[in-house]
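Note that the chains are named A, B, C and D in the order they appear, and that numbering of residues resets to 1 at the start of each chain.
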Amino acid sequence: MNNDRKDVTKLHSRRKRALQSVKSQLSDVDLWRSSAAEFLATFIFIFIVCLSHMMAPSTAANTALDARSKQLISYASDPLQTSVGIALTYATLIQCFEKISGGHMNPAVTFAMVIAGHMTVVKAAVFCLAQLGGSFTAAALCYGMFPSENQQMNAVSRLHEGLEPLQGFGIEVLQSVVLIVTWLATYATSQSQLGSSAIPVGMAYLANTLWAGRLTGSSMNPVRSLPPALLSKYYTNLWVYIAGPIIGCSVGAVLYTYVFVTPDRKPRA
Amino acid sequence: MNNDRKDVTKLHSRRKRALQSVKSQLSDVDLWRSSAAEFLATFIFIFIVCLSHMMAPSTAANTALDARSKQLISYASDPLQTSVGIALTYATLIQCFEKISGGHMNPAVTFAMVIAGHMTVVKAAVFCLAQLGGSFTAAALCYGMFPSENQQMNAVSRLHEGLEPLQGFGIEVLQSVVLIVTWLATYATSQSQLGSSAIPVGMAYLANTLWAGRLTGSSMNPVRSLPPALLSKYYTNLWVYIAGPIIGCSVGAVLYTYVFVTPDRKPRA
Amino acid sequence: MNNDRKDVTKLHSRRKRALQSVKSQLSDVDLWRSSAAEFLATFIFIFIVCLSHMMAPSTAANTALDARSKQLISYASDPLQTSVGIALTYATLIQCFEKISGGHMNPAVTFAMVIAGHMTVVKAAVFCLAQLGGSFTAAALCYGMFPSENQQMNAVSRLHEGLEPLQGFGIEVLQSVVLIVTWLATYATSQSQLGSSAIPVGMAYLANTLWAGRLTGSSMNPVRSLPPALLSKYYTNLWVYIAGPIIGCSVGAVLYTYVFVTPDRKPRA
Amino acid sequence: MNNDRKDVTKLHSRRKRALQSVKSQLSDVDLWRSSAAEFLATFIFIFIVCLSHMMAPSTAANTALDARSKQLISYASDPLQTSVGIALTYATLIQCFEKISGGHMNPAVTFAMVIAGHMTVVKAAVFCLAQLGGSFTAAALCYGMFPSENQQMNAVSRLHEGLEPLQGFGIEVLQSVVLIVTWLATYATSQSQLGSSAIPVGMAYLANTLWAGRLTGSSMNPVRSLPPALLSKYYTNLWVYIAGPIIGCSVGAVLYTYVFVTPDRKPRA
């Protein structure tokens, strides 16, 4: 009975300490500053992603456009220009926000950073909410600017017609593995040497977009795909774009942190 | 009375010291050397920007060209090539002039550097005059080379027909925020680590051009837009291209310097 | 007789030590970890290379496609997009795997690293097996996804019709010399300075692809060319793609390591 | 008389010492090693430049092609692809040969390095001979591979029909100023920080090619223009391509080294 009471007391004090840790983390001004930065970065990124896809001329969608939208997309864009524009925006925003919040703009990346031991669960949870908020605000703004439903569908992540959902899932997983390993491989060295993950991670993003863009739309990011899907009420294969990046980034983080790591991380053979 | 006299004397001596500071700054040979560098850099940049836009074939303008201009633009250029060419020129000129004057080539960037505490007001004022001088000389030279008014209009910053002026203003502000935060985020680290803001800032410029070029012409710079507008006497929405970059760069500098800054600027969470 | 016995004993002990060295190397967990990394990196790289070429529309191959393949390649791709996508994938995978295994993904590069004194023969042999395994698995997966034989032929390295086999061999040798010298020139400095060979080597790969892609397909890598050739049973000029990279990388490694080296490798004149 | 004799003796000994310095420089194995590197680098660069231009389809030249040449150029190339390919080759060769010889591949650059105090006259003279030898060998090889005179003309540097020779000269001078200042601005820092001028100088080259390629062919290099002109016996405006780069690089080197230099080269204001 004395023992039981001890255990209960222990449990109580553990919970108490955990709660206090959560409380002290949540009262840290730095957490809210960096979460605001994640909100802003994600807002800018998703705004530009949606805008770029909505302005791209799509043969299927051109018929039902209103006059104003037709004018806006009259300037033809090729897929290379759109891909390079989005990837460089991603790299630039990482450069801008890296020292403030890390510049993730992606819950799958934030989750993988927890796995890799670079972030606490509490901070990651607040970041995810900020990323969701930023992305929904951005998508809603774009949907307001482009009233045509056909054009709005251009912003929705969709699988190529010739692709099975499971194949699409595999391709999103593969892209996310490559993306997160690039994040992690440049994370440790970014401060002393290159100063930034921006260029390597931006390159990884562009590389993925150029080979997989035509297959899955190359999302790699739940908050890039969720808001347009909900706003357009298009739920087909949505699970691919939620589960794919989260599973891919988790697998990549486990591989990099726990499997392919030498005790001393010595640079090369 | 004795107190009043003291105050007056104090005021006098303050004014005197301020004037002496301005005088001593203006007599520094370094100021004039770096201002000459800003003149030269801005001249080269605006010359290449105007030339590139004037040579780009425009369906509307092709009818009224004189024979010589027709020959010059016969070599078709796609928007990606024009954008990459201008952005790499910008990055290269930053690389060249960074150690001499900073390589701003843009009064909005210079003004933001004052806000961020990297420059004195006196130096910034002389820089702006140099940038205005360089850009007008460059635009006038291009207008001399291309006598066709239709072609000259290609160098003028204009909003896409489907865009409201306030939307255009917002887009110029957003681009300028991203541009200046990239400048500031790489400013502190540029000397010890990467050695240059050239590549990150050039990437930010290209990223903006690729998504916003079709909407506003992606100016981000008052002296890129003012000289062609005055020489072509086209003042429609000119305020967007003067106020947008200045307000955007100011907002970005305040955000980066005073809001999103941790006390010790520790690199990441 | 005593002498003879001594020699025999010496020989025995030499063999014994060599065998022990091989044994101890093969029992090192680090070797198997880095070989697994080479398998994974080569698998991802060759999968993306084959997929990209199979999806590229080829005028000759379009007639005999099944309906599903037609859908998959309906998204037109230009050679610049394909080349940039593959080269950035190469750079990204080097970035990801450089600290684990070096990120060679190419037996000719691994062989040259032995010549340059950066690797043991035992490790190189295991790496080559891993690279062969990864590349065959990747090519087989792609062949399963694209059942059309015409499309599969797009993944096969072939000489341009206007080119003699010996000219093609020379062009593969030249590209491989440039590739391996870039590897070696950035090898020594990669740890203290740039942190990575990824960007320079990726740039060298892209440069080669852009001028030589139209001539030889720009392989520079036996395991990029061997699996598709065997799976498509197309052996014409296969020797060019096996011998060219191996000879080119060897020549480059000898030139860089033994000819163009100053005693102290002082940076410049 | 005694004084006169002294003077003569002095002059004799000065001449003697100068001759001895030349002799000792010419007997240095390092000079010959680096000159061989310049020969090889220039050979590879000019070979790829000529090949790329000869393979580019030219509407005017297509009529008189022999069958084999027609096959070789059947793969259409756009100007962006050609420009990026050549500029990345330039950057890659600088990366490869920078630590051995500097990787100039250009007498105008070598001459400017003498002005900037980074090279002796003797070494520069031997480098220029090596660059001439490498470029002529490369051009002759390309002319052997492409027998059609129309195609060979594609490798010749020519002014756009709408351009006056003096305008072309000015444009070559401007490009060369930008190129050499990028070389010099990254020269001092290249060893401790970025480890290489390759990327900045390659970017400067690409920037110039993208805006000036359509006007002058963007040579910036006497040994890029001289060999094709002599082999094709096309001497029109040849002076522009010899004098332009040499004068531009000299002006740039003087500006950077003697005008825009602060006593302590302090990084920024």
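Keep in mind that, in the parts below, a residue touches a chain if its C-beta (ideal position, glycine included) is under 8 Å from a C-beta of that chain, and two chains touch if they have at least 3 such contacts.
From a predicted model like this one, the values you see are computed outputs, not experimental measurements.
For subunit B and subunit D, what is the smallest step count along a path of chains that touch one another?
Steps on the shortest route: 1.
Which neighbours does subunit A have in common with subunit B?
In this structure, no chain contacts subunit B and also subunit A.
Taking each chain's centre as the mean of its C-alpha atoms, give the chain farthest from subunit A.
D
Could you check if the interface between copies subunit A and subunit C is built from the same residues on both sides, meaning over half shared, or from different ones?
Different, since most residue numbers here occur in only one copy.
Suppose each chain is reduced to the average of its Cα coordinates; what separation in Å results between subunit B and subunit C?
So the centre of subunit B lies 45 Å away from the centre of subunit C.
How many angstrom lie between the CA centroids of subunit C and subunit D, rounded to a whole number?
From the centre of subunit C to the centre of subunit D is 32 Å.
At which residue positions does subunit C touch at least two other chains?
78, 80, 193-194, 199 - these are the residues of subunit C that touch more than one other chain.
Can you name every pair of chains that touch?
A-B, A-C, B-D, C-D
Across the complex, what residues on subunit D touch subunit B?
These residues of subunit D touch subunit B: 78-80, 83, 160-163, 167, 174, 178, 181-182, 185-186, 189, 193-194, 199-200, 203-204, 206-208, 210-211, 214-215, 256, 259-262, 265, 267-269.
Give the list of subunit D residues in touch with subunit C in this complex.
30, 33-34, 36-37, 44, 47-48, 51-52, 55, 68-72, 75, 77-78, 80-82, 84-86, 88-89, 91-93, 95-102, 118-119, 123, 145, 190-191, 193-196, 198-199, 202
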